[in-house]
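What follows is chain A paired twice: with chain B in the first complex and chain C in the second.
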Partner chain A sequence: MKVLKIHPEKCTGCLRCELACSYMQTGDYQPAKSVIRVSPFEGHTSYAPYTCTQCAEGWCMTACPVGAITISAVGAKDVQDDRCVGCKLCTIACPYGTMFYDPATRKAFKCNLCGGAPACAEACPTAAITYEDVETADWLGDFARERTARVLAEAR
Partner chain B sequence: MARRHLIIGGGTAGMNAIRTIREEESERSTITLVSAEKPYSRMVLPYYLDRSIAESHVFTATARVLADWGTTTQLGKRATALDTKANVCTLDDGTKVEYDDCLIATGSSAVRAPVPGADGPGVHSFWTLDQARGVLAQIQPGSHVVMVGAGFIAFTILNSILSLGAKLTIVEVAPRILPRMIDDTGAGLVQTWLEQNGVAVRTGAKLTRIDDVKGRRRLKMAAGGDLVADVVIMATGIRTNLDWLKGSDVKINQGVVVDDHLRSSVPNVYAAGDVAEGRDLISQANAVHAIEPTAQEHGRIVGANMAGKDVRYRGSLIINIVEVCHLDVASFGAWDDAKAEAANGVKPDRPAYRKLLWRGDRLTGAIILGPSSDIWTSNDVGMLKGLVQSGVSLGPWKAHLKKNPFDIKPAFIATKTTSSLLPETILGRPSKAPGESPVAV
Partner chain C sequence: MTPVAATAPKQSKTKTATTARPGAFAGNLLRVDLTRRKCWAEPWGPDRMRAELGGVGLGAMILYRETATKDGKKNVAWDHPDNRLVLGTGPLAGLPVWGTGGLTVCTIGPGTNGPTSTQANGFFGTNLKYCGYDAIIVQGQSKDWVYLYINDDVIELREAKSLIGLDTWETQNALYRETGLAGHQLSVYSIGPAGENLVKFAAIQGDFGHVASKNGCGAAMGKKRLKAVAIVKGTKALRAADPRGLMQAAEDMSHDLQTDASARSLYEYGTLPGVVNLSKMGALPIKNYTTNLTANVAGADMAAWEAPKLRENFDHRGHQCNACGMHHCHMSVIRHGDKKGQIVDEPEYEGWSGCGWAIGAADRDGVAWLNTECDKACVDVNEWGWLCGWVMECQEKGYITREQLGFELKWGDIKGAHRLLQMVSRREGFGDVLAEGVKRAAEKLGGPAKDCAIYIEKGATPRGHDHRARWEEMLDTCTSSTATMETGNPVHPTEIGQPARINPFDGEQVAKYVAGLRGRRSFEDSLGICIFTSRTRLENICRAVSAATGWTFTVEEALRFGKRTASVNRATALRCGHTGATEYPSARYGSTPVDGPAKGQAIRAQWEKMLDTWYAEVGFDRKTGKPWPKTLKELGLDWLSKDLWGKKS
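Up next is the complex of A and B:
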């Protein structure tokens, strides 16, 4: 299956992925509604986008009491709006913190890989996000460990 | 291998077991479902109450789906006895069902405070679909609803009651609200929030009787003045539905004691969900976790084992989330562990609150509270669950989190929690979508 591969060292923090994502998902340029989130590291000198890994367990999907989360044709765990009752169980079940909830619509939402043409990957000017046929992985762990060492040491 | 499976109770655990049997088995077996009620999800009832979904939305399998699943059903009937020597279950109409293995998944029932008038007219429980229908029929805009009990279940329907235009008073005998979900500080913030949103809260308030006065209910309180209500909802606790097992060989403590395969003391009898006393992920001791995710995981593990697989359960994690008037309140794991090391942070004006608990350098419990419009709250909710579930070593991040309990994300990412979580699955394989099972729901 094709997944979003993150290359954190290439991210400049321009937030174009967030804009593209929110536009694709909601029709509005509203980064607050983006399901890919750019996080700062090293006191805002490096950045990396973070989103759903489409994990094998799919904790969000198995937790949903009404079966509102299914697997789409491209393999993404996808919320069916007409089934979702807004109970938030998926937001607490996903152990990666990549489920979102919209108080306005009272629905959960998440990365659905834009049906196979992810807007974030397309929008990223530095190819820090690519859409590839690889095993999903912890794309940010090593990068974040390295880029936080100084901040952590200073704090001590 | 067991050819005839009997599932007793068609709630969350029972239905997850049936679906998983069909997903996992290599040869088609016989499944019989005995259930006092039709299969539905109790935790969806609050959304039926606020009329945001139709009644049909609460059901987890229709007659047609059950037939497609090849399930023989005995609906509207109760199991009354289990003969584990003869492998026969007796139902309340005298029917006898033979089995090779069976699952006890009869869930819990609501219990009312033992005061005179508790069973009178206008006094309701909110646990079953029937009871939900009863409450829905009674609440009108402007009705005064008194909620007796301020536990988690009471809180799951507060928003619904308010959105029906009712006036709401909560009375709780304990000195504080949500005694089994969050700590004192969190409870104080939630209570203030409720009061700011027009909900009256009376804690330390003992109800002594309920009288019917001209079609309204008068709640006599031990102190502080009586209350008059149109509708009274008793959310005063639940009790496991295990009375029918009296006289069987199945060992019962707080619930049916089960091993790491969800087997009871009788090897071909499993138990799951609210009735099961299984392993707690954090303490590794046995406990009853009467929550939806535990019922789901238990049910799936039992289904796989009934289908002949050998699946061990790692234990269940207590996770709860509830939203009241756009404030998210959640807790995880051993949030009330008095022996744990703890740190907290409060932003009273938002309001926002975090409490983190450690054993060594592993996070073993957490409480989080914050505005639901704050996207970071929902992301942190998930990451805290991930940290507690994975039990990763936080190393130097522990000191960081102690000082900055709101700064969860860098700690989560830099400790490579994702790496430790990714290989984890409940059944030892990727999950199937609800609609990908042999027959779609």
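Up next is the complex of A and C:
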């Protein structure tokens, strides 16, 4: 199982991932249409990219009233444009804020892992975004468990 | 004949572009009239885009076309409402090519009261182009302080009273709060107290640590009462004519930067290696050019100044510009001393020099802190080094008394230097004299104090090097029309028919080299790309421009373009009164090093001959400073020839 992994400590905030993503989505460079977004932290000294984790629960998929979100061959939750009616329920259901709505096309859009070759990982100059084989798809849960154990151990 | 702007090609009055715009351009120039409080979009067409590109190419033409006096015979002064402040990007800005957040500031600056072209990076160019504009042209003067807010098609001049007195970092944070945005969602370029108080070497600072610093462009912005330009990351699209070609060129450029011997250290450590490397050449300026031996600075341990150690001294984190993979710009946290915990922008070489070696300071934490204080006050760190170092030397020698200054300032005193910085940026006490810049302050004091001052006779100051060991930079700085280097350092010189190496202390060779390298820099500065990420073969850059725009842009066209731009700037400079007569270094700037690797190398002994050679090689008239008609004709500037030499030429 391959997933997108994000290593925020390596991100320098160059936003190359947003350019690459928007190019894959639209054929143009338009960061506003990117489904990976970089946020600043710690007084603008740190940045971290963030995108859909392809979470096991699939809240967007559950909420969609017309079954427009399906799981693709590479394990990504993918919006089927011909079925999406643009009701935006998925954008409300997603707890991670990684479902987007495009007023121009009136469709929802999200990360589909570029069909198995994510452009953001390819574009990142510092390997802050990698596409890796992992044991479980629930890497976010693994990350949370590992981090919680570490933080608690440090606190003791 | 005095140059006029009569025959400069007029802009098309057509409101819409006649043919499809080339890829990579946003398609509009944003015109801001502060006197009338009006902003409007000016579409520009493909012919003009190819002729002017952006950045200094566009800015030089706007200054020439629009800053002549009403009778066309002279140029307006830097503080006149008709002065223009051009904030330009270029065709590569915002694209996935390393270091393309580019901002080029072109204006008539107070240092020389002549044209300038000075660059910064960050996300200015990216945000502006995704809002739909290739450049901002500011004219007029506002009655009250305002800031310019740009969010796609929403363009507003907003009241800036609450921002007055804030430094540049505080201004950016205040605008984050006001707009509810953060990070690169909002690019802010602003002036601090020095710009507000019209300090003649005030800079424009943006995105926490990026500075367009030359010729007092921050004072030109302050005179217009424009506190800041805040640009929301726009939602519009940019299209490359050949996206695959663009990616290929971008890959080749980054490959060069990572592997080529001339760029690899820059890729790894930015400009940090400059300190040690230049000290070995005698080009690190120490204590206001009084010595070239690092041992003469108290507490200097050169092992601690090697790039890896310099970086590791701080808790640091990459802070790159648009799409950049260099390990260059960093945000750092000070780990030791009384400034422990403070966030600073990792100084560039020029910061280590201007806030460190030039003023006899070798405390890395203190120097880094003072450098960011300069950025916050919006003071050019280069002129700051020459000014502060000069005051220190003058105090030591008794030319400036303790009573005059108000306190005692000794070599290496970071706290005292900071006190001086506050006095200068607020024009308090003796700071008011110093705020006029090194040349004017030195002339006011006169006598032996004047002989210690480092400046160019044109009125500005050089960048933070000891040019007595880098003759090509001194010649370039003095003959330039932009108050700073116009030709720049050699980058793959053999690609454009120049020798790989020359004898750096042979005036003849130096002058030929400076003339021969002309053109490339002005071209790069028109693209919206960083000076460092363009340290690749020119052919790669031309391929990127071609793929982005859909044109076939060759190395020959690039060089011709650059020389054309420099000639237009020269014509504006002539109109401002800068003939060849002021192309000299001050007594100290052009003096002979008394120690160090360049000891005894006397540039002034060869200066006249160097000027003769340079003029002949570039095709300019030595007596009047004008480009010969033949030179202009070769560059396709027949119209400029008519302006400069009259119709019979």
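Here is the rule we use: the second predicted complex is superposed on the first by the 134 of 156 C-alpha atoms of A that agree within 3 Å, B and C clash if a C-alpha of one lies under 4 Å from a C-alpha of the other, contacts with A are read in each partner's own complex, and residues count from 1 in each chain.
FYI, a residue touches a chain if its C-beta (ideal position, glycine included) is under 8 Å from a C-beta of that chain, and two chains touch if they have at least 3 such contacts.
Fair warning: this is a prediction, and the values are worked out from it, not measured in the lab.
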In the overlaid three-chain picture, which partner chain does A:T130 touch, first (chain B) or second (chain C), both, or neither?
neither
Tell me which of chain B and chain C touches more residues of chain A.
B
What is the contact status of A:S39 with respect to chain B (first) and chain C (second): first, second, both, or neither?
both
Under the stated touch criterion, which partner chain does A:C94 make contact with: chain B (first), chain C (second), both, or neither?
first
Let me test your reading of the model: by the given contact rule, A:M61 touches which partner, first (chain B), second (chain C), both or neither?
first
List the residues of chain A that touch chain B in one complex and chain C in the other.
32, 39
Chain A touches which residues of chain C in the complex?
94-96, 98, 123, 126, 130, 182-184, 208, 233-240, 243, 254, 317-325, 331, 333, 343
Taking the complex as given, what residues does chain B use to touch chain A?
12, 41, 43-44, 46-47, 52-53, 57-58, 60, 292-293, 296-297, 300, 319-321, 323, 326, 328, 330, 332, 372-373, 375, 378-383, 385-386, 389-390, 396-397, 399-400, 403, 408-410, 412-419, 421-426, 429-436, 441
Under the definition above, what is the set of chain A residues touching chain C in their complex?
11-16, 19-20, 22-23, 26-33, 38-40, 43-47, 123, 125-126
In the complex with chain B, residue positions of chain A that touch it:
32, 37, 39, 41, 48, 50, 53, 55-58, 61-67, 69-71, 77, 83, 85-89, 91-101, 103, 106, 136-138, 140-142, 144-145, 147-148, 152-153, 155-156
